[in-house]
Amino acid sequence: MGYVAVIPLLPALAFAILAPLSGELRNRLRGVAVAGMAGSLVLSVIAFFQTWPGGHAEHPVWHVTFPLAEISGKPLEMGLMLDPISAAMLLVITIVGMCVQIYSLGYMHRDGRVGWYYAALSLFTAAMLLLVLADNFLLLYMAWEVMGLCSYLLIGFWHEQEAPRKASQKAFLTTRVGDVGFAIGLFAMYNAAGTFSFEGVLGSAASWAPGAATLVALMLLFGAMGKSAQVPLHVWLPDAMAGPTPASALIHAATMVAAGVYLVARALPIFEVSGVALTVTLWVGAITAMVGGLLAAVQHDIKKVLAYSTISQLGYMFIALGAGSVVAAMFHLVTHAFFKSLLFLGAGVIIHASHTQDMREMGGLAKHLKITTITFTAGSLALAGVFPFSGFWSKDEILAVLLHEQQYGVFVIALIAAFITAFYVARLWFRVFMGPEQSDELHEAHTSMLAPMVLLASITTVIGIGGYWFAEFLGHHGAWPEPKIYLPSLVAAGAGLALGWWAYGRMNVVLNTRPLKHRAGYAYDMLSMKLYFDLTYDTFVIKPYMRLALAFAIFDFKRIDGVVNGVARSWRTLSDRGWKFDRTVIDGAVNASASGARALGSRLRRIQVGRVQAYQRYVVGAVVLLMLWTVVKGA
Amino acid sequence: MSDVLRVILPVLAAVGLMLTNGVVLIYMLRKVLGHLHLRLGPMHVGWHGVLQTVADVGKLLTKEDITPNNVDKALFFLAPAAVFVPSLMAYAAIPFSETWRITSLDTGLLYTFAVLSLVPIGVLMAGWSSANKWALLGGMRAAAQQIAYEVPLLLSVLPIVMLSGSLDLVEIVSAQGGYWLGFVPRWFVLHPLGFIASLIFLVAGLAELNQTPFDMSEAESELVAGFASEYSAMKFGLLFLSEFSNSFIISALGITLFFGGWTLPWIPADWVAHIGPIIFMLKTYIGIAVFMWIRGTYPRVRIDQLMSLGWKRLIPISLSLIMVTGIAMKVVESVRGVS
Amino acid sequence: MPETVNGVVFGILALASIGGAVAMLTTRNVIHAAFWLLEVMLAVAGLFLLLSAEFLALVQVLVYAGAVSVLMLFVIMLTLRRREDAIRPLDASWGAAALALLFGAIIYVGVAASSFTLGAMPDEVPDVEALGTLLFSLDGGWVFPFEIASLVLLVALVGAVWWSKEEDR
Amino acid sequence: MQVGLEVFLGLAAVLFALGLYGAISKKSAVMVLMSLELMAVAVNINLVAFSRFLTPEAMTGQFFTIFTMVVSAAEIGLGLALVLAIYRQSRSIELAGMNRLKG
């Protein structure tokens, strides 16, 4: 099964081919990236079916390691492994990645740097595939950082404009905060376990010193919160929407942001040892699900709605993890990857068609963009959790886990979040697709953009039913939904949709007044200020930091420069003296020797007659003398 | 005494061959060129003019030998010999058959080229000593041309040396025995690499001979008769003779290197064992006829065209041919070694 | 008997080479000097044959006689403005003569004092095939020096072409 | 008469001395180059003679001769190119005139 190692290698190869080329050539060769992706997809499908039926979570299907170095006697090994979780992730990444790459052929074809876009996309895919195949936390961390870089590159893809540039810096720096936590967690982990491999770390977690597990788990969670945009490190994700939409679909909806979930899912035994960390995870997830949902409900930018929705759904996954269920979290990750990337791709088409991102300037798209409408609707319903779309099944599973773990408080929060989700889905849908048309040149997108959407929509529609087998695949017992769970869930979703319809869909006119704003002005303001997160960071982190930097700068100018200048002045005086000494004594000696040499030279130049043969005679004469000496000595 | 005879007799034979060859070739040239020009050539002296050349030789022998006033006398007298002697020496290594040859040398090919490389010196000598600007220009042109084309001529032969693994002309001929695919004679001209080499050899050989289309050195319309302008009587005869002898040698070399020398394909070797020299002479004269054919057909090129053809085309081509030959031989060797 | 033949041949060649060299140095005509040099080269090629260095003799003819001499003649002819310029003063120099004589004398003394009293040539005769094999064999052969020599020649060729380029400098 | 090694050495010495005389006395650059060739040839005779008498099988001297031939061919090519270049500059090949690089 060595071909598994080729899966991340193919996109990496595509990057290696594309990156060094000139822009023009790179644009023309973007097919290389698509080909690499296709190869990875085929191999991933094969790998998935070789892993099937799974069920043996402890032992990977395929595992290879090689020693990298030896640190104080302990071998540092790197390796790749394939187990059911990896296989499922591989499939998700490659399918979504393939869809996005094909979609981008149409979406990005007029961009002058499309080749670079494909190169970065390939590198990202390679890193993500490596991440899910890694058999240890260190390699995972490396891939994690490469993905961070790619995310930075793709958010700032249009770096000629200010917003993408700032957004890319924000994303990079914010996730970096989480990554510092991750790094500390790695140090603590190595200290405790003496290894980075999943096997060694997770196997020995139960026997660690008290508190070590909690520290490691919390630090890993912190890293995951940065990557997966959990409150309070979520602020970068909405801004990241400044990047190209297909890249957002792949990176900021389907895969990279799910890496945090994947990390926690992998490290869950440590969390279980700690207990505290598990609770923290649960509540981080609950708060994020709530906050994300609320903020999504007041955004006007269609991509930002989806971004906050992503934050909210990732919160859901953390809830599942906090409740100790890898299956529920992973299942929601999978379904969410498909329907959210579908929604993003649809949003791309919508933005293309209506030339704006502001939902207030949209409307009536259903009449003209038939296929987009159908696929987008499928994605919306999945997000809202309506039967039989995939979101219903995966949310149901999370709710079931909560009930089973007797986390009633969080259960209620999750239900409310589901209600809010349904509400903003309805808001989005009615605003975009219903109502009067705001533009008269609406047109459907190219087939190369629609085909991936249709594929994703069909997956979204049918995949939910596979939850039972997915659980079995991951080595757990599958279960079908029970009425006591799906009834409240359906009621919440239905209520949310109904409220959305009542507020936005009921009247077939453009709404320039906002019903919610009228009824709850204060709350609305709070939400539209994004719950003051950015403001808080600005006031308490960025501004003080700038002030501190300014103070240091002033201190630097006044005090340190004064000292430096004083030293410089005294040096100048000193060197002045030295110069005078130099002139008289040392130069005198040098000049004396120089004039001596010149006098000697003027004598010697007389033998430099400038005629070749004179020199020849000197040489021959010298040789003759040498030979004479030799002969005389020898005799 | 027989030792001395063994040395002297072949030399006398070579001189005889050279003189006869000259006489025959003059007649042949006149006839071939005549027929190429759709005329008859000499017809009156003897049957179809066969005695015309004999009469010409008589004329040359009996004419007054004029020595112009200002010439550099020593060199003027030496020059015809300096052209004639190397040309004569070149016969020493030509194998008329496996046994019919003046001397057997391991380095026969190298010897022939070394001797031929002395010809330009005589030409320069003649050109300089004549104290005539046409002669000097012609001599320098001829010498420059021969020097320039000696290089591709030598290089074009190296692939053959590599393929046959010997500098010995007899060995090169025997390397061409046998057949490819059972019926194609293993002549090097039919070998893909040898074919290219033979083309280079033909062009360089023509230039080496100062023959049309490369006859700038004695372009009648420009330089009277080139380096031979001031010569008359038998001195002129010697210059002329050695020129014909040179074309015989180049043709014979080409026959030896590319066309299987004295052998005939498809006929058992012992049938023709005793007529090898005759076959060789026939082939050589066919080669000379081809030279004459070219001479009667092509216009003259310009001197700079000639030089750039030699240095910028033929030398790079023949150098890469050597490289390709080496690689091909290694490949074939390793393939054989594997199978 | 062969010894005698060898001796006679050597005598002729020695006379030819030394005589040619002297003639080259004493003739007043540069063109004649070049031809005398050619004569010396051919005589030396004969000496090489006497020393059983067949390959070297042929190379000597090909390179020195065939190429270098012609090159010399070309340069002489190209650098003469009139035909009469070929006749030059004799450039006799007693100092140079004394120096060269001293040099030769010391070498003669050195040779005479040395222990090289090998009368006859060894019976083993070097042959061309062994020369080629040794020249191109990788182990213990001369292939690397040979390649370096070819590089030297290439560089010299390029340099000569560069120097003699007429314009653009 | 027996032709021994020292005879060849003596011949080479004479040729070398003659070449040396030419090289330091002749005023024409081409003549000097010709004299240099004479010296090179004398050296070659020495090498081949040593090789023939001392190492007939290994042929060391013959290989050295090949290399000296290469070097002297390179030298003569460059030397003549130089002479031509100088002639083009100053219309003369007299060595006495070639002192423009004198400091």
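Order as written gives the chain letters A, B, C and D; numbering starts at 1 within each chain.
Keep this in mind: a contact is a pair of C-beta atoms (placed from the backbone, for glycine too) under 8 Å apart; a residue touches a chain by one contact, two chains touch by 3 or more.
Owing to the predicted nature of the structure, the values given are computational and were not obtained by experimental measurement.
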item	value
Separation of subunit A from subunit D, taking each centre as the mean of its C-alpha atoms, in whole Å	76
Mean-CA-position distance for subunit B and subunit A (Å)	79
Distance from the mean Cα position of subunit D to that of subunit C, given in whole angstrom	7
Subunit A: positions in contact with at least two other chains	617, 620
In subunit D, residues with contacts to at least two other chains	20, 24-25
Residue numbers of subunit B (touch at least two other chains)	none
Topology of the chain contact graph, where touching chains are joined (line, ring, star, complete, other)	other
Those chain pairs that satisfy the touch definition	A-C, A-D, B-C, C-D
Subunit A contact footprint on subunit C (complex, rising order)	95-96, 99-100, 102-103, 106-107, 109-110, 113
Subunit D-touching residues of subunit C, taken from the complex the two chains share	3-4, 6-8, 10-11, 14, 17-18, 21-22, 24-25, 30, 33-34, 37, 40-41, 44, 47-48, 50-53, 55-56, 59-60, 63-64, 67-68, 71-72, 75-76, 78-79, 81, 88-89, 91-93, 96-97, 99-101, 103-104, 107-108, 111-112, 114, 116-122, 124-126, 130-131, 134-135, 142, 145-146, 149-150, 152-153, 155-157, 159-161, 163-164, 166
Residue numbers on subunit A that touch subunit C, as the complex places them	617, 620-621, 623-624, 627-628, 630-631, 634-635
Subunit B residues touching subunit C - in the complex, by the definition given at the top	72, 74-75, 105-107, 110-111, 113-115, 117-118, 120-121, 124-125, 128, 131, 136, 140, 143-144, 147, 150, 167
Sites on subunit D touched by subunit C in the complex	1-11, 13-22, 24-28, 30-31, 33-35, 37-38, 41, 44-45, 48-49, 51-54, 56-59, 62-63, 65-67, 69-71, 73-78, 80-85, 87-88, 91, 93
